[in-house]
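You will see subunit A twice below: alongside subunit B first, and alongside subunit C after that.
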Partner chain A sequence: MSAGAIVFDNVSRFYGEVLGINRVNLTIPPGVTSLVGPNGSGKTTLMNLMTGLLRPTRGQVRVLGIRPDDPEKLFRVAGYCAQFDAFPKGLSGYQFIYSYLRVHGFSRADADQRAWQALERAGLTEAAGRVVAGYSKGMRQRVKLAQAIAHSPQVLVLDEPLNGLDPMARAETIALFRSLGEQGMHVIVSSHILHEVDRISDQVILLSHGYVVAEGQIQGVRSEVKEQPAQILIRSNQSQLLAARLFERNHVVEARLEEDGRGLLVRTRDADSLYLLLNSLVVEMGLEVEKVEPADEDVNSVYQYLIGSEGSAT
Partner chain B sequence: MNWRLWARQVGAVLKLELKRTLFSRRAWWIYLLAAAPVLLCGAHAVVLLWMQKRAWHSLAEDSIAFAAIYHIFYLRLGIFFGCVGIFMHLFRGEVLEKTLHYYLLAPIRRELLVLGKYLAGLVAGVTYFSLSTAASFLLLPSHFGPAHRDFLFQGPGLDHLGWYVAVTTLAVAGYGGVFLLMGLLFRNPIIPAGLVMVWETNNWLLPSAAQKISVVFYLTNLCPVPAPPKGALAILAVTPDPVPAWMAIPGLLLVTAALIALAALKARRLEISYAE
Partner chain C sequence: MAVYKKHYRGYQGPLTSAWSRFLVPVRYTFEDLNRSRFLTLFFLGTLIWPVLCAVFIWLGHNLSALTLLKIPAGKFISIDVLFFQTYLGFQSMLAFFMTAFVGPGLVSPDLANNAVPLYLARPFSRVEYVVGKMSVLVILLSAMTWLPGLALYGFQGYLEGNAWAGQNTRIASALFAGSMVYILILSFLALALSAWVKWRPVAGALLFGVFFVAAGFGTAINQVLRTKWGHLINLGYLIGTVWTELFEERLRRGPGAVFFRIKSDEEIPVWAAWTALGMVCVICAWMLNKKIRGVEVVR
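Right after this comes the complex of A and B.
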């Protein structure tokens, strides 16, 4: 098993008769990884297994080579922002973070310094003295995030961390995830908001009914979905002519002109052939191409292809 | 082994738990439980002082009356149910409030978490019931004035008080261990608490070996004044086979340690499923 990755080796978890996840084999590298799937698909189960809040019925999990049932080692390197919106009563934002840093074993001075740093990163310095129970939903979400990162973990697991955040806080939080991912941390995020997952993720794991449907970088996952024609957007000065030439090929199943007459959305069963053809047409027709880009290499498209509209992802 | 780190972690848990346990609005009924005998003993003293009827009974009779209150109310009811409320809530309460995961997501051994929580319960329980025991003991015969002072400072009064407080501490320690474990094993505390109560109350009916698996078995003989054998509630204060103090104290501490160890074992396998 890789010591630098999060590894699921044939992991299953059942809740009595009910399936949580089944036969999951995963190796999650550093960077931002999004868990995507409808409600009940097993995202939270996967996160709880990673952090030892649940134990696998079968198989084994290793986080950077550490067993999740060894909290003394695991939570020196891991932090988990769980979905539960509950806090110990009567504690202020600062006391909440400081107290649990003390449980980690940090000295008073160290815990104090780390608590303020985490509060600053979460943009809660001014509200630090207020009781958490009086925080808005977005502030509660941010104080949980601050608590999860306060001990500088290498692995950060975040269950629906963008829930309840206003647009400004979302943008800041996403930027924080990206910067943590770029620093070489493992950032595992579950989210329903697919267009934001696209902005966050280096790789995605798609789950449905407790099974991993696809995993990897989104382009790679998309290219594995052979049965769905690839969508490619071409913007040029001769889109109508281009459409006519493309239709001569069998692999092109649809070509749709955009309203401005310059954009052409092509659906093809063989994207590589289409790109080669486009090269030759540029020379042959004197085509001026403004832009060529895949139109469905995003989480939303892949989600729709693989999982469909069964879930509540948006 | 990193003893300093462990001590710091246990201290941090203890501090957090004391905030939740020691001064909590939720524990109002435990305060009431601890305050009830104090009010009763205080009322007794005030009424007799007001009526100037000291000759109705002797100081020795008040001492026996306190022994009855202690054996029947404190040991069998007050401390018992107080510990149900305090110690069962340590884990179960956090599951209900959905906050236990914060501890489970910290790099702390589960055994230390159990120990920290247990110590917080112990401090809370001993504070409530030792203060209550001492206040009741001092108030009940206080209407005797100088004779009461002589009993305390010239006679065996302070010695008795010391033993009652010691027994209270041991009772909280013992029942604390029982209900800490119960809180980890059962969702609903009422049924297991009822079963423990039946076990403890009927301890004297059990075979000699089974009697030793009991908190009250070790405590009753440590009390400085035995419970009076008469009265409707005397059945609650039946004294089992006498155990000398040198055996009773380590015996109870051993049983308590075993219960905490079992609780730690259970905590090691603890999973979070708040949706249950």
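Right after this comes the complex of A and C.
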């Protein structure tokens, strides 16, 4: 198994008769990885398995080569932010982070320094002395995130970390994830907000009913969905003529003009052939092409194709 | 695939030793308890009896003071096994009340606030969590029972001479072992009930129930079935049996101690008492194992 990745080797987890996840084989590389799926699809189960809070019924999990049932080793490299609010009573934001750094094994001075750094990163320095119970939903999300990153983990597991954040905090948090991912940290995020998953993720894992439906970079996943024609948006000065020429080809199943008359949304079963054809038509017709872009190489489209309307993701 | 510079490095520096980390929640719990004026006063109140016992020991060795108080030297309390057994019996009663106040608040708030995963998402196991929480009671109850008890034993040995201390080492070992048995049973019970009953007052009331209602049931069983084995569910009786063995061995002189009286015709074998107490610990450990989890699985 790869020592630099998070590896699920044929992992299943059942809750009695109820299926949590089944026969999951995954290798999660560094970068930002999003877990996407409807409620009950197994996202949280997957996260709990990689943090050792649940044991697999079958199979093996390794986090950077470490068994999750060895908390002493695992949580030197991993940080976890649970989905639900989880705060011991009466602690201030600073005490919350400081005390858990002490449990982690940091000396008083180190814990103090790291607690302030984490609070600053989460934008909570001014609220550090206030009791966490009095924080707003967004502040509680941020203090949870701060405690997860305070010990400089190599693997960050975050269950719905964007819930409750205002747009500004959301943008800052996404920027933080991207920055950590680009530096080589494993950032595993679950989210229901698909357009933000697109912005965050280097790769996605789509889950449904406890099974991994797809995994990888979103473009790669989209190209594997052969039964759904690819959607390509072409903006040019002769969209109507272009539509007529494209329809001559069998692989083009639909061409729809946008209201302004310049945009043409084409659905094709062979995107590569369409791009080649477009090249030749540009020369032949003297087309002025403003833009050519895939219209469904995003998480939302892939989600709709693979999971459909059964989920509640937005 | 993105190309990562991979300059991020996790923390590689030193950490405190793993064995000592369970003391962090202990310290925070004590800080929390310290905020309660009632508990602080109650704890200080529990030291009154040991101080009185120290005064009795001093008086027992001070003829002029006894004369001044017009107490005949021969009729004054003799400082022996029964003296220490009575001391421990009284302190154990206060320890029980202290446990009923403190115990239910140890685990239930963490469970009610979903805070257990916060501990377990650290280099911190479930066993360390339980040991940490249990240590709060062990430290607190030790300070009320065997620690002052050994101080009294030392005081008596100092005044009576080394020969007395040498001949009565059994008292010292019984003070320690008897207290620890009691403390462990109380701690296990308090934590298990705290884990299962998230409402603190109910968990406290249940602790009373386990001791006193079970004792009542045990007596009823004995009456109905004309047996003595009903005492197996009477925790006070079980502890009294063990204490009597620890303090007096087979040369039993008294009915046990305050709070743990044993009727002379209803004695159960010591091995049975030990086994029953062991079973209580096993059941409590099972209850804790069921509840102290990183993730509560709701089916």
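In this text, the second predicted complex is superposed on the first by the 314 of 314 C-alpha atoms of A that agree within 3 Å, B and C clash if a C-alpha of one lies under 4 Å from a C-alpha of the other, contacts with A are read in each partner's own complex, and residues count from 1 in each chain.
Just so we're on the same page, a contact is a pair of C-beta atoms (placed from the backbone, for glycine too) under 8 Å apart; a residue touches a chain by one contact, two chains touch by 3 or more.
Everything quoted here is computed from the prediction, not taken from an experiment.
Because the two structures share subunit A, they can be overlaid on it, and in that overlay subunit B clashes with subunit C.
Of the two partner chains, subunit B and subunit C are each touched by A:89. In the superposed model, A:129 makes contact with neither subunit B nor subunit C. Counting the residues of subunit A that each partner touches, subunit B and subunit C differ, and the larger count belongs to C.
Using the contact criterion defined above for the overlaid structures, shared-chain residue A:154 touches subunit C, although it does not reach subunit B. Of the two partner chains, subunit B and subunit C are each touched by A:75.
By the touch criterion defined above, A:202 reaches subunit C but does not reach subunit B.
Overlap of the subunit B and subunit C interfaces on subunit A: residues 15, 48, 51-54, 71-76, 79-80, 82, 84, 86-90, 99-100, 102-105, 107, 147. Looking at the complex, you find that subunit A touches subunit C at residues 15-16, 18, 30-31, 48, 51-54, 71-80, 82, 84-90, 99-100, 102-107, 110, 147, 151-154, 180-185, 202, 217.
Against subunit A, in their complex, subunit B makes its touches with residues 5, 8-9, 11-13, 15-16, 19-20, 97-99, 101-110, 268-269, 271-274.
Residues of subunit A touching subunit B in their complex: 15, 48, 51-55, 69, 71-76, 79-80, 82, 84, 86-91, 99-100, 102-105, 107, 147.
Of all residues in subunit C, only 1-2, 4-11, 13-18, 21, 24-25, 28, 32, 109-110, 113-115, 117-125, 293-295, 297, 299 touch subunit A in the complex they form.
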